[in-house]
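Next up: the structures, one after another.
First subunit A sits with subunit B, and in the next complex the same chain sits with subunit C.
The block that comes next holds the complex of A and B.
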């Protein structure tokens, strides 16, 4: 019963947060709206990592699918002239889904550090390909025009982040977060717990652990790709360094650990905190940014193993 | 024929380099079950420190000779002991017993911190310590001239590898170490100081990482970012051989060395792929690596 109540509570929370963000749009200054939208994009990638963490897996190369999503959108825009954000999003998701489906056959048999480092290796390969291929923009990447939605073009005077794009990202993210929450409470979500706790017992119950991992891997990849599409639409530019490079993947893992895996809202909260801190850190101490990340990561590992979300559980007096 | 000889020699040189930069990683994993991502930082720190020390010395004594090698060794020892001690006593001992992946994250955090520390100390410019590389002149093999330093890496690294193997399998502390590897609780119950073995192993691994960096300093230009490239490459090498196995690391280094050299000769654009293709194939056939032992199934 408690399980059921918590699922409903999360659904209500998502609906309230979505409505609040949409209602706040006229009041938000441009930088705040941009930060929120970028955080939702990054949060989607971390949401994918959250699924994997529920399976007891961590990927050090999620930038691979973040890049695939971003590049699929940028390439479709550049070479096919597609500007519709819905079509670009679908293109990113489809490309990442296909790649994850193929790579899944390799990674699904691995756990722990092997899983983590195999993904890192794949992302480094993609980074090498992107940075060295002239057709794919090499290290400079691509610019992407202002997107449209279902034939409506935004006012060209209004800048890149219009209510159309903001609302699209907020609503799309909310639907995806709700969907992931339901998935985690479904049999495949519980299979994840089985993979994490004791894989052999899960197999004795007749569940294919590898199959479950494969599905989770593809789902996480699609989420990362969608995050990549949103980020490219918001920033208007994509480069290998900002997507496939290991530092980006490391940031996603960092945010996932910072937020904790307690709830689908945790990645978005943690990503927003991360973006805000980064904005100030890059201004005041640009050379110590990675050091700040590293020290924070250590502190979270040592003193707050459940991440920021476990603070909420502690406040409610529940065991984290 | 000459091409074949060139490929063999190049592979051996490259494999020796791979072995020396990855052996510390597999040693630490084998004993402590810690995949030390900060190994990349130790390598980079070793390279930076050696290149800096050599540069300082040469600016005072332009015709410096073999003492440069001693300087590089001292640099590696200093980096290995100081940074190794800081990492093991300062961070790792607090996370022993936690999940494998949590420990990786902790070493990753250390890696991030050290990346910035290196940038703060050494700045963004590149360091080049080419002088030691020309100490041994050139040696020709099958009519092809090679830089002596590169060729001498092969026997030196082979000796280091043999030394490590002998230290583990032919000495008393080595036998105790094997007991610790097999079951640390029983080993502790038998009166073996497991904590001290952990610290010493980590220091040895850290020193080997720094030594790999110091020996590489004359071969490469030392710039920010060499640490992460190395950790990915070293990981591939030790995974192919089987994490935690010294013999495995040697075989992994040879396989990757051969594959990469062949790629450089015939299809240079495939250079990086070969490493990961070999790794993927080995992992697909033998998930524990060539020399790895499968874990017992726990129900």
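The block that comes next holds the complex of A and C.
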């Protein structure tokens, strides 16, 4: 009963947040709108990690799928001349889905540190390939044009982040978050808890733990890829270092812990906090921003082991 | 003529030099409650593991409802209608009793929703509640499983195995780890609930008192072979069984 109510509450929350962001667009300064949009992109990758964490798994290589999404969109734009953001998003999701489907056969038999590190290994291989591929600009990467939507091109004077792109990212992210929340409350989501808690029992309940992990892995990859597409469309440029490098993957895990796995909203809130802390720390303490981020994480782990989201649970007087 | 539910023919399994099963021929009729006894390492658990698809026999055949299920997976055996409970209860320790059953009913029960629909819905909740009442564990509903006493864990483990309403259930040492005082309570609850469900029961047990009281038939294993097979009064009085399995006169519990 509580679970069902919670799903509905989350749906309402997502709808309100979406409407608020769209309504706030005229008031938001450019940097704030950019931070929000970039955070939604990064938050999608972390939402994928949240699914894996619900399954008791962590991946230190989500940068792999983040990069695949970003590069697939950038390539489709640069080499095929596709500018529609919807088509570019689908291209990113499809590419990552196919790769995750294949790699899933390898990773689904592994758990714990091996699962985490296998993904790190795959992401480093991709980084190496991208950094050595001259056609793709090697370590410098290459640029991506301004995207269109369903035949509408934004005002060329308006800069990269138009209401079209902002609204597209906000609405798309909201729909995806709503859907993930629903799936987490479905039998496949509960099967994830079974994988985390006791695989043997799950097998004797007729559920293939490996199959369930495979599905979760593909879902997380698609989310990471979509985040990669959004990020590349926002930045207008793609490089191996900003997508596939291992520090990027580590950053996503950082944010996942910062936010906690209590709710699908947590990744987006945490990613926004992360972007803000980084932006201000870079501005006011350019030599110490990593230290500030480290201290932030330390405080969260010590005082909020359930992540930022557990604050919401505490406010409602419920044990996290 | 009642249906023969489970039949094994010449079942054999070795682990290196250890013979865990050799020429095991067992037949179980629908509705029977069969006790399986034997000293440690006699092949009781191996037999359970082979029948439930967890281990593949080296030799022989397993027939369930006349269908050959030899070498099938755990999932396939489960699908066919053979479920099991465990000597060490296999539960979801971080979840409450109620959540354990919700999960089980929601992913496996006959009332499970489609995989993309919310799992928690009235019919799943009612089923989970009904199961808790049937096994008399409702008062522990909101307790996390890792904080439960062993007796309740055992009951929940069996309740979880019964979620799919199997035709046959294998109980691996249902009373192990439970105090002498509690074990007849637990076993009484279980057998009661299982009889009502109409399931055929095969239970592995060390306690001869429990076997004598609840089994319609007893199969004794020794070194991977069937030593004796018959009604409790005959098997438990068999001199070979007393010597190799019981260790002393039945009626007094042997040391665990």
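The rule is short, and it goes like this: the second predicted complex is superposed on the first by the 319 of 320 C-alpha atoms of A that agree within 3 Å, B and C clash if a C-alpha of one lies under 4 Å from a C-alpha of the other, contacts with A are read in each partner's own complex, and residues count from 1 in each chain.
One rule holds in what follows: a contact is a pair of C-beta atoms (placed from the backbone, for glycine too) under 8 Å apart; a residue touches a chain by one contact, two chains touch by 3 or more.
Here the structure is a predicted model, which means the values were calculated and not measured.
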{"item": "Partner chain(s) touched by A:121 [first = subunit B, second = subunit C, both, neither]", "value": "first"}
{"item": "Partner chain in contact with A:16 - subunit B first, subunit C second, else both or neither", "value": "neither"}
{"item": "First, second, both or neither for A:171, with subunit B first and subunit C second", "value": "neither"}
{"item": "Partner chain in contact with A:291 - subunit B first, subunit C second, else both or neither", "value": "first"}
{"item": "First, second, both or neither for A:201, with subunit B first and subunit C second", "value": "both"}
{"item": "Contacts of A:276 with subunit B and subunit C, given as first, second, both or neither", "value": "neither"}
{"item": "Which superposed partner A:182 touches (first subunit B, second subunit C, both, neither)", "value": "second"}
{"item": "Which superposed partner A:193 touches (first subunit B, second subunit C, both, neither)", "value": "second"}
{"item": "Those residues of subunit A which subunit B touches in one complex and subunit C touches in the other", "value": "198, 200-201"}
{"item": "Residues of subunit B that touch subunit A when the two form their complex", "value": "35, 91, 94-95, 98, 100-102, 104-106, 108-113, 115-117, 119-120, 228, 232, 235-236, 239, 269, 272-273, 276, 279-280, 283-284, 287, 297-299"}
{"item": "Sites on subunit A touched by subunit B in the complex", "value": "56, 58, 60, 106, 109-110, 112-114, 116-118, 120-122, 124-125, 128, 132, 198, 200-201, 246, 250, 253, 257, 287-291, 293-295, 297-298, 301-302, 305"}
{"item": "Of all residues in subunit A, those that touch subunit C in their complex", "value": "1, 3-4, 7, 182-183, 185-191, 193-194, 196-198, 200-208"}
{"item": "Touching residues (chain side subunit C, partner subunit A) in the complex", "value": "52, 74-75, 78-79, 83-84, 86, 90-95, 102-104, 106-108, 112-121, 125, 160-161, 163-164"}
